Amino acid sequence: MFNSFGNIFRLTSFGESHGRGIGGVIDGFPSGIAIDESFVQSELDRRRPGQSILTTARKEPDKVEFLSGIFEGKSTGAPIGFIVWNQNQHSSDYENLKGVYRPSHADYTYTVKYGIRDHRGGGRSSARETISRVVGGALAKLALRQLGIDIKAYTSQVGGIKLEGNYTDYDLDLIETNDVRCPDPLKAKEMADLIKQVKGEGDTIGGTLTCVIKGCPIGLGQPVFGKLHAALGGAMLSINAAKAFEYGEGFHGLKMRGSEQNDVFYNNHGRIETHTNHSGGIQGGISNGEDIYFRVVFKPIATLLMEQETVNIDGVDTTLKARGRHDACVLPRAVPIVEAMAAMVILDYYLLDKMTQL
Amino acid sequence: MFNSFGNIFRLTSFGESHGRGIGGVIDGFPSGIAIDESFVQSELDRRRPGQSILTTARKEPDKVEFLSGIFEGKSTGAPIGFIVWNQNQHSSDYENLKGVYRPSHADYTYTVKYGIRDHRGGGRSSARETISRVVGGALAKLALRQLGIDIKAYTSQVGGIKLEGNYTDYDLDLIETNDVRCPDPLKAKEMADLIKQVKGEGDTIGGTLTCVIKGCPIGLGQPVFGKLHAALGGAMLSINAAKAFEYGEGFHGLKMRGSEQNDVFYNNHGRIETHTNHSGGIQGGISNGEDIYFRVVFKPIATLLMEQETVNIDGVDTTLKARGRHDACVLPRAVPIVEAMAAMVILDYYLLDKMTQL
Amino acid sequence: MFNSFGNIFRLTSFGESHGRGIGGVIDGFPSGIAIDESFVQSELDRRRPGQSILTTARKEPDKVEFLSGIFEGKSTGAPIGFIVWNQNQHSSDYENLKGVYRPSHADYTYTVKYGIRDHRGGGRSSARETISRVVGGALAKLALRQLGIDIKAYTSQVGGIKLEGNYTDYDLDLIETNDVRCPDPLKAKEMADLIKQVKGEGDTIGGTLTCVIKGCPIGLGQPVFGKLHAALGGAMLSINAAKAFEYGEGFHGLKMRGSEQNDVFYNNHGRIETHTNHSGGIQGGISNGEDIYFRVVFKPIATLLMEQETVNIDGVDTTLKARGRHDACVLPRAVPIVEAMAAMVILDYYLLDKMTQL
Amino acid sequence: MFNSFGNIFRLTSFGESHGRGIGGVIDGFPSGIAIDESFVQSELDRRRPGQSILTTARKEPDKVEFLSGIFEGKSTGAPIGFIVWNQNQHSSDYENLKGVYRPSHADYTYTVKYGIRDHRGGGRSSARETISRVVGGALAKLALRQLGIDIKAYTSQVGGIKLEGNYTDYDLDLIETNDVRCPDPLKAKEMADLIKQVKGEGDTIGGTLTCVIKGCPIGLGQPVFGKLHAALGGAMLSINAAKAFEYGEGFHGLKMRGSEQNDVFYNNHGRIETHTNHSGGIQGGISNGEDIYFRVVFKPIATLLMEQETVNIDGVDTTLKARGRHDACVLPRAVPIVEAMAAMVILDYYLLDKMTQL
């Protein structure tokens, strides 16, 4: 039951890094939505390995193939199956990892839990699984677009290099103009240089993403356990390498008193709005019509191209050094994944909200 | 469907701040567990208003009454219904709030979403709902105790006053020796003074909690959308006023490279362990047998005893000043709530893990 | 997870026959619905023991007490908690049953499954649990009434005494004019006589109920696993003592060929209808706007006031004879229960259908 | 959410009759089970069109292709994706149906519900979807085999030709010796002749299946809404053309009094058993260790090779006559489908039962 995501709109994902492919089934997608397959592919292209010098050199076309649920270009309300075939897996790169547990990877925990492990490329624990999320998210975006809802994420920090401003300080149209996906071109350059340097050392580095949702209707979110930010937080933390989530002022709010952090209401020409948006567009777990924004922290990728201590599957101390093609920083490719998860949550909660009143 | 929490172990909650009471139903609780009702009550007492000078003066005995599912002192596997009757609600304190939307509260979003609002004490959006969570968590703790799993949370920051060390630097047995629930008595005193000062000003202040789970078996967590930390994060973010969640190194890891943050394995006399625990006891979304630890950020409570601008339900600009009895800082009372949510997640995932192999 | 019923509209039930009471939580109920508590009570009165000479003499007022989710007479969208306190339980009647397994009851299977058993009145396995269903169903009916949907069930067979006609042959307004709840007064009399005779012999007897849903909109039902009749069937079979379910022609259709059983469409003054309704108002798992009708078979109640062989909890062969107050035929009191389950399914599916299109 | 089946073991299905193929994802399958792909294929072969003179002439190899979740011949605990590609669809056979609603099919209800319809071969409403069920069921059987649980279904009635005995009167090893899948060779011949005759007339005919589950452990089933027979009934009724479900004595029990229908317990050399099994192996919704048996009624297939009245999509009265290749009786091919659904329910409930006690 844990390879499914969502309540009404629901993505069920399958596939391993070095298996036949990564795919999924999207259930609960509204009927009658025009499916722009080239848009879905363009989202996958933003996640694709080998897209820039900053990412892994694994070359995968990652072409999505839809299997059902679409008729004459429109969703029919039937489940939408899809698959992206694996093509460029180099399982031999992992041959030396068959007998050892990579540090801070899932090798050890999977083995204990399942009693069996597909060691090739991390198997099911590989971030290649996020392909299914990007496809699901792209479809969700197509529906949200009809509702006037727009979602954008960007890299806001890599190691110590950080955007100091809030999202309102940047032109979000600049995000896709550089490989880091950062709306501040100068910082983007610094971040790219840092990633290249770290990569050259065989090491890895983390960072943060900021995500902004504009145009979200008032009323999305369920008030107790299904608060909108709880759903977004749970969704983001399910992405490989995510370590933290904050929304609105988040950690920064620790410096503020209630009188500073409260968002007072006013009547803006007939529409009730707030002067400030410390709440991040969500109050009492329910969207209030202001922009929703949040940040996600990603740790440095655990796969290092340097020697590390570990134990093997017999419990004997040993060392290992990864071979193969790996990212040194997950942030640039995580941008479309964060957007996809956000899009799926928002569409799911939009559909749920339709049932609040008869 | 959103007043239920958990997959197998499942709490369904009901009740409003100024209604008949707060209650719930716990389904999926294992049969044959001895139910120590005095322990459940002692957990509620830790959450109870009026327990110290630092909390709201609302006087509520908050006595739990079990309605089903227990026979001759043991759980039967049938659902456990319970209720805590409201007694000391002062609905008249809220009479002046009937017509206005309190800033950064759920008044406005509830009204838009539901088209109707129980304004008395925040109705369903009140943190008084967390009573049901503490009861659910207390029962979960009784089951976890049999498995040797122990959960402890403490206040690690109030405003700018912060415990600099990690949880391993403190004697967690000191947590309950002061009203703030902080294991550093000197910092606890500073925090208490700050809370009193802020309260005197009619203002409020936020902070962070740290939670530690010891003795968790290896293998809990579902690897993709149901990662253990995603479940914990979603659970914590569903608590009123929570704004952020981080586990393991979290935000702090931004300063570290992969080679510094990885936890290398070694054979500790036959048991595979890690020298460090930057991962926070979870790898690939699955517990690895090390301590699980995380932090939760709470914002300052939105109810201020000072005048604030807002609009009324007709959309006209106005001001309001809360009356009544309110906390100035949620942290001390949030400690048992965070523990309760953690306990429910761990028990639920423990039960789920039983199905991994035939 | 199995004491909850429904997807969006969801009843979670608790309570035992001889415990504190029977209650539940209704989640996902639309906001803004006027809650006519006297109607809910009148539905419970139809289920109440001791209502006529045909039913058990256990005297219970079965007064429902709402605990949350209603404000100024309307549903707020918050979960609706409720309880019916037990008052007239005679646990001593069951003292002699503590050590034996009653034939065709749940005593033995519960004991093996849970390792513990509340033997008093059947504990959780008692049909007294259906109180919670009647309350849930009564609320669902209040919502359905606004949609013009009407649900009526009646006793259509007791032992060998059977209504030969279809529901269209009877005046359903006569159902409540007799204790058996049968729209044919002559047959009702025969059925009542039979029940009394069987009761006098210390024996029990089964029968069938027919249920009709009028005014159901076109489009309810999910086409694959969630077909509307599959949901109705699963719901009915979850009622104590139910043994079979058929809808439309059901078993009778075995005598017909496709050319006889198909319902051909025609244009009835602008509305697409079918001349016949062998399909029972559901095609491809989705309501088609015609009347929905189905039948449920109930077995004779297992509790007999005569001596039966069995084994005791030590596995030793023995005999038992029930004491206490028991129904000889479940049918008359099952009518409101069947209606309640149907109402909950239809409201749930109505809400689900709102999400089909954006 | 309605293209998924099961709680823990969960099949999510996708695909249309004339789309790319029929596939699915099986989640929650225990790890470490040897996957005998040839067994899965042999189950599909039992469902395959064109397997005998009694079935549709559509020629489909229906070869299953596994996409994930299997490593070195064993299940890994990761979701198992699979697909059966469509090859022999003749969409042109349906061109004349594009504009009309076939009687007693889902054409009309789908159109109203979704606002769009894939008319080719019935689209999603086609019984070709049951391929995914057979694959899911075959995997479930592989797991159940390890537990000693065996499931067998057979055709027990076609039109008026009926097996009068109970399942214990037949040698179930004879089921697969004839095209009808009936353990009584003489009756099988009669049934086959009847099907051929009806087919020759362009008409169709219904019947019943009986299914028997042997070796089911005591304790499966959840006592209130998740009774084991309610789950089985809901599962069976979700199969295309199913109209009724009965278990144990079912309808036949109407002729019996409680004293005749009760199954008294006795100690059979240390094992508690019942002399009779009117209960069908389930008491209080929980398996009691006796054989589980039930019957499912299937209506005549709605597609007739004769002219029928109907309306077109503009609501105008018209006639239609199906072309193409169709079964005249669903029973022979429904046998593996019923077994598959039963296997999935039993495995799911087996896994659920593991959580009853800590």
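First chain written, first letter: the chains are A, B, C and D, and each begins at residue 1.
Just so it is clear, contacts are C-beta pairs under 8 Å (C-beta built on N, C-alpha and C of every residue); 3 or more make two chains touch, one makes a residue touch a chain.
On a predicted model such as this, the values are computed, not experimentally measured, just so you know.
Novice: Could you tell me which pair, C-D or B-C, is linked by more C-beta pairs in contact?
Specialist: Between the two chain pairs, C-D has more contacting C-beta pairs.
Novice: Name the pair in A-D, A-C or A-B that forms the same interface as B-D; by residue number, over half of the contact pairs must coincide.
Specialist: Answer for the repeat of B-D: A-C.
Novice: Averaging only over C-alpha atoms, locate the centres of subunit C and subunit D and give their separation in whole Å.
Specialist: Taking the mean C-alpha position of each chain, the two centres sit 26 Å apart.
Novice: Please work out the Cα centroid separation of subunit B and subunit C, and write it as a whole number of Å.
Specialist: 39
Novice: Specify, in ascending order, the residues of subunit C that touch 2 or more different other chains.
Specialist: 1-4, 7-8, 13, 28, 31-32, 77-78, 113-115, 124, 223, 352, 356-357 - these are the residues of subunit C that touch more than one other chain.
Novice: Write out the stretch or stretches of subunit A touching subunit C in their complex.
Specialist: 8, 28, 30-33, 77-78, 143, 146-147, 223, 351-352, 354-358
Novice: If we count contacts the way the header does, which residues on subunit D are in touch with subunit C in the complex?
Specialist: Residue positions touching the partner: 1-5, 7, 13, 101, 103-110, 112-115, 124-125, 129, 157, 159-160, 198, 203-208, 218-219, 221-227, 229-231, 233-235, 237-238, 243-251, 253-259, 261-267, 270, 272, 274, 278-279, 283-288, 297, 299-304, 306, 308-311, 315-317, 352-353, 356-357.
Novice: Can you tell me which positions in subunit D touch subunit A when the two form their complex?
Specialist: The touching residues are 1-4, 7-8, 10, 12-16, 19-21, 23-25, 27-28, 31-32, 66-69, 71, 74-81, 83, 113-118, 123-124.
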